[in-house]
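Per-chain numbering from 1; labels A, B, C, D and E assigned in written order.
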Amino acid sequence: MPEAAIPLLHIDSLEVRFGAVRALKGVSMDVRQGEVVALVGANGAGKSTTLRTISGLSRPRSGSITFAGASIGGRPPPQIVRLGIAHSPEGRRLFGALTVAENLRLGACTRTDRAKIAADTERLFALFPILKQRWRQLAGTLSGGEQQQLALARALMAKPRLLLLDEPSLGVAPLLVRQIFDALGELKRQGVTMLLVEQNIKLALELADRAYVLRTGSVALSGSSAELRDSDRVAQAYLGAAE
Amino acid sequence: MRTRGLTKAFRGLVALKDHAIELREREIMGVIGPNGSGKSTFFNLITGFSKPNAGQIEFRGRSIIGLRTERIVSLGIARTFQGSRLFPSLTVEDNVLAAAQLRHPVGPLDSVLRTARYRTRVDKAEAIAERLLDLMGLTAQAGRLASQLPYGDQRRLEIARALATEPALLLLDEPAAGLDSNETTALVELIRKIRDLFGVTVVVVEHDMDLIMAVCERIQVLATGEVICVGTPEQVRNDPRVREAYLGHA
Amino acid sequence: MSGDWRIPLVLLAVCVLAAAVAYGAPHVLSDYFVRIILLIALNSILVLSLSLSNGFTGVFSLGHVGFIGAGAYVSGILSIPVQQKMALLPHLPSFLHWFSLPFLPATVVAGLFTAILAVIVGYPLMRLSGYFVSVATMGFLIIVNVVLINASDFTRGARTFTGVPLETTLPWVFAWLGVTLFVLARLVYSPFGRSMKAVRDDTIAASAVGIGVLRARLIAFVIGAFFSGVGGSLYAHYLGSFSPNTFYFAMMINLIAMLVLGGMESLTGALVGVVCVSILSELLRSVERGFTFAGITVPALFGASQIVLGFVFILIMIFRPKGIMGDRELTFGLAARSARARKRREEQNA
Amino acid sequence: ADPIKIGYPANLTGIQASLDGPMLNGAKLAASEINDAGGVLGRPIELVVYDSKSDATTISTVASQLIDSDKVVGIIGFADSDSVLAIGPQVQTAKIPFITPGATSPKLPSQIGDDIFLAAFGDNVQAAVGAEFALNKLKAKTCYLLTDIGAEYTTLLSDYFVSAFEHGGGKILERDTYKTGDKTFTAQIAKLKAMPEKPDFIFSSSLAEEIGLILKQLRQAGITLPVVGGDGYDSPLLIEVGGEAANDTYFTTHAFVGEGASPKVKAFSEAYKKATGKEPENAFAPLGYDTVKLMADAIKRAGEPDPAKIRDALAATSGLEGVTGTITYRPGVSVPDKSVSVIGVKDGKLFLADEAAPSFVAEP
Amino acid sequence: MSGFEYIVQQIVNAVSLGSLYALVAVGLSIVFGVLRLTNFAHGDVMMVGAFTTVLLNALGLPFVPAMAAGVVGAALAGFLIERIAYRPVRDAPDVTRLLTSLAVTYILENLGILLFTSSPRNFPLPAILNESWQLSGGAITFTNINLLTIALTFVSLLLLGWFITRTTTGLGMRAAAEDMPAAQLVGLDVNRLIIVAFLVASAYAGIAGVLWAAQAGVVQPQMGFTPLLKAFVAAIIGGFGSIAGALLGGYVLGALEIFIVAFLPSSVSSYRDAIVFSILIAFLLVRPGGLLKPNREIKL
């Protein structure tokens, strides 16, 4: 486990509401530099909301989010992206009328180092070869799995210090799920910090160092992946939400 | 239902090539394949959302090619969509009723005059909706707007809505996507129950192998638009071509 | 679907009240206020007829004023007294020359005429969606205008069409408003209305559950056109004289403003929109003439009322983006609930 | 003393505003002159002004306000027949005398009733003067006719012109149309250029907004034929927009306000400039002015501010000198016999080409 | 004048009218492209540009700098409209935003009437622009203002085409048009993009306003409505939101209007607008996505 004492991302008793719905009721968590943290939980537990609040799409009602020492709670998304957080959102949210190339170019729109961008694009092709084949195709006509890879690649183009991933395996064929998680493992080795939301708990815990289990808007359980893998407490934490 | 030589190309890209399938009454058939292998395209062709370049689709002995979607639905084919497509501004109950009305139609004139026919048909449709909501465990949510439902409930509502058209053939496009493992397990039971209760033939497109293996009696595997294998779950799991194209050597 | 027992009582009370206002107002109020009430009711018919396609079916038509205009002219041609017809419209085909219809039949014929027109126009146009249907229906409005201007044998061209008997009185307008409300309410809150809303929400999903998208849109469009034609006839018999430009963009913008402001997805919203815009613009119109208040004289600023109205619109849109009523109805707790919902409630209580 | 109230609905916003605006200025000028001179019957007069927004519905609402709430004894208003027809039925029912300063359709009184008066000549008269001017002074026998089909005035004027011109032996070689608001007439002009037989002149039935532009595009295409038209031309725009292209243009109108105008007109122009800070925009300004004087004169002769008496006094008006000519109503006719000025343009300046009454006038 | 010359003359007429329509349509399309908003106030921004030019010119500023100031004034007006009226309703339903833009139109037009009265004023075009060229012995004529309009339209095609497809800002506009939250998530400053879009579109409106007024010879507070209508139609024909489509649509509309008058007898051509719209509707039915957008099949 990486040694950095101060977490890269620190969330403290975060609360988010949509009208009368309390989506998050005081969530606290840490993500340290170089770490992969999984965020799991039943449908509607508030996983996506947590990510959306970190990247600025939802506003916290109370609580704080600190990234690399700076408080970012409530700041607009573009500022947060510039600080180094990239978000691959639920439902992919690609620009369907733009080509694969243009989507990737926009992924890097906060960067100014042109030469490096080209090099990074090449590296992404090694990770996701299909994107090279579909370079000029409109993103909207890609199949589901292809879109998922593009969404990931687009987020990576920003060269983030923290990558937020919302269900990267959703709608993806098993073989490709493998490939995507292999790619994520490769990124982890390269030192990319990730906060991963995933329904496939087995895969998630394989990749992650630590995990948090959310249940109806609050953290029900947390611990290292190894601990959680071996206990059935995760299942229990889930069931609590299912009733 | 059966198809023969079904082919669809999008400007050069052949999404489905020479596809053939034959469904038996009351069976649960799985269709799997890598992303972009043409599974959704297959559904779109059957339900009339796009027109095939070549091939035949026969449903209960008659060709349904060229018919409009609503006509095909009224013949008895219903579907759900990959990523749900509910009527967001209608309530849960109204979503189902909008579909249930297909078999118990009331025209504008009946509506304005509130004829006796209006009353009986509306009652019938409501009875169906009630039964389906109950079956799907959505009764408590009946009055909420569809857009406010949690994701899992939305997926179930979509199935309920499709069933409300009283189909003989039900096409489910990735019903488990985005569901957590408990809900996925529940879905297996649900699909079986639907088949038993309503006597429908079900085709499931899904990437969740656990679900497919558990629920399907036969499975067809597509890759780049072509059928590479058909068989029981056991046969398919052990087929080397399927392992290479789809499952990986896990 | 029997509702609760209070509903017939309330409806009766409303009818009695409406009749009292219709027959009593001209004796109590000045002509000016009678006219304002009449215009509010008349515009309500027009805005309601617009709401069926624009609000409930999701076909944002910019062409309804074309139907209003057509209805006005048809009814006008039919009901000009025979002796005046010769003088005003000498080139009218002879079968139209020898008779003139009373108000009610002329109005019904106008409505039927526009409904048939809507079938012809709508059959191709209702295949379009979004902006395209808006532009195409706007094209229809322009075509109607051009035809009215050019078909001078029937319409006197750009010249004012005049001589229509002034028969539109409060009882007539209230009665038609009642009919409109009744028909639309039953339509919108019925299975057919549900299909309309389903089509509005998602055409693809709608056809996937067996709803004929074209059919639902067309029916909504045609019924709306019928009441637009009726409204046009009432308008014609209210104004007595009008020209093609009376039924053009200015009227369309006015009606759309009322509709959107009140809430497109609600029948009572349409009424609220009409009342608010009418009263507000009347108030502003008298203020802009200048006034003296507490010794301070404010000079006349003609045009100021439109400016203020514009700002009020923007403010309302900012604070109530879905219109004043949104998609809620003003029912005062008296909605006719479905048997199912009632049963469910009873079960819960038990 | 209490003021005598005269209703003044005006289309101050909307499409009619450019005519009704100057007209109201002229009317206000007349009212203040009258009041400065002691008013009428010892009481000041008050113009009760409402903006009717160029909208038929608003006009009828305003009419009920004037008649019912303000209890006016007479109403003055509008430069177009549409608006007059819109207010007509209410005025006629309430038996309030109504004068329109600017509408020129001679059919109005017969369409509405005997409480309606025109202060200007009828279109049939000005069209006849235009036709006779072309035939006799320009010696032009063949004509190309361009009509704006978007307005009542221009269509009507064309019809009257054709019947007068053909009655006098002229021949219309070709007709074409456009619609109010068009900015490009090049297609029509190219068609005119391609005509096998060249006409002697052009009659263009147009409004002020378009005529300057039509002239410009005609001359740019190399067509130098004289152009004749009606009082729609009468605005500074003709020369401002047309520039050199406006030369050899003739139009019929109510008064000549250019250099060498009559002393009456000059006095009016100066007073108008003092009151509003600008020259009279068009002939509707003096028409508004004259109409208020006409109404005041009738009230004075009626002896008391009673609508019925004012109407009768109005109908008996004879020889009332105004800026736009002398107003006399023949018995039973509510359109005045006024002489028509024909104004020409030469070297970028207006001049009085003719002042005449026509010999043949088409039926209204 | 031969038949051939006649046809050439009418084509010249069609191109110059079409250019004018195209120029207005492009501005409308830019705003629609990024905001999915039919900006009815576009015509009034044109009016602001034209009036600024006229007023400054009357105060003694020469025509060219006055025109430049008019363009700047229009851009500024567009900026303010976005800030004050459109930004607060950015997330509201389409019709809400449509009504807001109608309200802005209402306000600007009546403000214009209050300040300048609704009487038309002469637009002082320098004599050089009024000069006309005669070809083929006077059978074919066109003026400098026609030439200027056509030239400006072509330059704008090139500039804008480059801007929209090659620059990050242009790409960002298209991205924001499709999915605003997603655009924010990749780090695009959507507010800035929209402001840029409004500035560019309004500057275009300014240019178009001046050219339109130059063609029309007059300025008036209500002058914006007709061009807006034409541009709206042109933009839809081409495929709303597409710059190239707007240009093409403008030319198609211009050509239709001219050719109907040119080649049909006047008893038929008085139905011009009806014919134009009938053709348009027929066309929309055949190609529901507009001229430039192929009929893409729905992807489910």
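In this text, a contact is a pair of C-beta atoms (placed from the backbone, for glycine too) under 8 Å apart; a residue touches a chain by one contact, two chains touch by 3 or more.
These numbers come from a predicted model, not from an experiment.
Peer 1: Using the touch definition from the top, list the chains contacting both chain A and chain D.
Peer 2: E
Peer 1: Once you count every C-beta pair in contact for both, which comes out on top, A-B or B-C?
Peer 2: Of A-B and B-C, more C-beta pairs in contact link B-C.
Peer 1: Measure off the straight-line distance from the CA centroid of chain B to the CA centroid of chain E, and report it in whole Å.
Peer 2: 47
Peer 1: Distance between chain D and chain E based on Cα centroids, please, to the nearest Å.
Peer 2: That pair's centroid distance is 35 Å.
Peer 1: Taking each chain's centre as its mean C-alpha position, how far apart are chain C and chain E in Å?
Peer 2: The separation of the two C-alpha centroids amounts to 32 Å.
Peer 1: Can you check how far apart chain A and chain C are, centre to centre, with Cα atoms defining each centre and the answer in Å?
Peer 2: Averaging C-alpha atoms per chain gives centres 51 Å apart.
Peer 1: Counting only residues that touch at least 2 other chains, which ones in chain A make the list?
Peer 2: Only 141 qualify.
Peer 1: Pull out every residue in chain B that's touching 2 or more other chains.
Peer 2: Correct list: 10, 49, 81-82.
Peer 1: Find every residue in chain E that makes contact with two or more other chains and list them.
Peer 2: Answer for chain E, listing residues that touch two or more other chains: 110, 113, 270, 272-273, 298, 300.
Peer 1: Quick one: in the complex, what on chain D touches chain C?
Peer 2: 12-15, 49-51, 55-58, 60-61, 64-65, 67-69, 81-82, 85-86, 88-89, 111, 149-152, 154-156, 179
Peer 1: Quick one: which bits of chain E touch chain C in the complex? Just the residue numbers, please.
Peer 2: It is residues 38, 85, 88-89, 91-100, 102-107, 109-111, 113-114, 225, 232-233, 236, 240, 270-274, 277-278, 280-281, 284-285, 288, 298, 300 of chain E that touch chain C.
Peer 1: Write out the stretch or stretches of chain C touching chain B in their complex.
Peer 2: Residues 1, 182-183, 186-187, 190-195, 197-198, 200-202, 204-213, 219, 223, 265, 327, 338-341, 344 of chain C touch chain B in their complex.
Peer 1: With touch defined as at the start, can you tell me which chain C residues reach chain E in the complex?
Peer 2: By the definition above, chain C touches chain E via 54, 60, 124-125, 127-129, 131-132, 135-136, 139-140, 142-143, 145-147, 149-150, 204, 249, 253, 256-257, 260-261, 264, 301-304, 306-307, 309-311, 313-314, 317-318, 321-323.
Peer 1: Can you list the residues on chain A that touch chain E in the complex?
Peer 2: Touching chain E: residues 55-57, 76-78, 81-82, 86-87, 89, 93-98, 102, 105-107, 109-110, 140-141, 154, 158 of chain A.
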